[in-house]
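Per-chain residue numbering starts at 1, and chain names A, B and C are given in the order in which the chains are listed.
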Amino acid sequence: MQTVFHLITGDPGGQDTTLTLAENLADDEDVEMDDVVVLAQADGITPLTADGSHEDRVRSLQEKGIAFVACGNTLELRDLTREDLVDGVDVVDSGVTELTLLQSEGYAYIRP
Amino acid sequence: MQTVFHLITGDPGGQDTTLTLAENLADDEDVEMDDVVVLAQADGITPLTADGSHEDRVRSLQEKGIAFVACGNTLELRDLTREDLVDGVDVVDSGVTELTLLQSEGYAYIRP
Amino acid sequence: MQTVFHLITGDPGGQDTTLTLAENLADDEDVEMDDVVVLAQADGITPLTADGSHEDRVRSLQEKGIAFVACGNTLELRDLTREDLVDGVDVVDSGVTELTLLQSEGYAYIRP
């Protein structure tokens, strides 16, 4: 099973919920998860920035096998670079293209 | 056709909209709906609680064949049990696992 | 590839983001997009109304090949008709039925 979480909300509570839900899915021993991806863009990018308050949390989730992906269009629009992100976060050119490609490959889509 | 509505918003207007949209889909005679599911979790759980203001509405929608499912992780986190929910609401261990499984079975996903 | 954007938020920032993301996807030369659809309903209908502030933007996106579809149930509920919408916007009887049908045909779903 493969699932992509769409982290786009700027609401801090919603951002925390997104990370918690990704963790719940990765931790669930009742389902065989091959991939759990968190795709962040627009206002949802902040938890992936290295100066954000979520750095430890993101690193802990990465250790559980959750992949974090940032939208390159969002980075450009906000004058951010890969260096501004938590280590290990992947950058794709376009978040919506990635969401389209992942769903075409069979990923479930969850937008908290 | 099968569709799962993701009821996660804590906004009362958004919660009402979710129920209305599920009803619209179940009522639509132009499409053969085999299953319409409302999966509630996080702040979206409140309309499914028996002391909530939505009890009559949920029961009426159940009579139209709409299935309501609550996330067990959410119940645990909020010290709620099955007895706190409207009669007939199913409980699954993990809402995000259920959303993943349903989509892998071909359910459409709608997040109002 | 085919993608439907679900424009349902009443938040002006979220509405703008939805249009920007649809544009990003249509403009992306790295992916072959056969169809990019923006399905508007509930509070998300306003950018598609002819008296709204988004008329020029919507027309510009239509010229890029993005299709705009409005939910007929929403129009009825708000006493709007096809004539109140930007030229070229399609109207379907039910937005949620359309979202279900499109996903059953393989469209990716993105809810900004």
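Quick note on the criterion: contacts are C-beta pairs under 8 Å (C-beta built on N, C-alpha and C of every residue); 3 or more make two chains touch, one makes a residue touch a chain.
Predicted model, so just to flag it, every value in this text is computed and none were measured.
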Message = Could you classify the chain A-chain B contact as same or different, where same means more than half of all interface residue numbers appear on both copies?
response = different
Ask   = Between chain A and chain C, two copies of one chain sequence, what rotation angle (nearest 5 degrees) aligns their Cα atoms?
value = 120
Remark   = Rounded to the nearest Å, the gap separating the Cα centres of chain A and chain B is 25
Task = Could you list the positions in chain A whose residues touch two or more of the other chains?
result = 109, 111
Ask   = What residues on chain B touch chain C, complex-wise?
value = 1, 3, 17, 21-22, 24-25, 28, 30-31, 33, 106, 108-112
Key: chain A - residues contacting chain C, complex   = 6, 8, 41-43, 73, 93-97, 99-101, 103-104, 109, 111
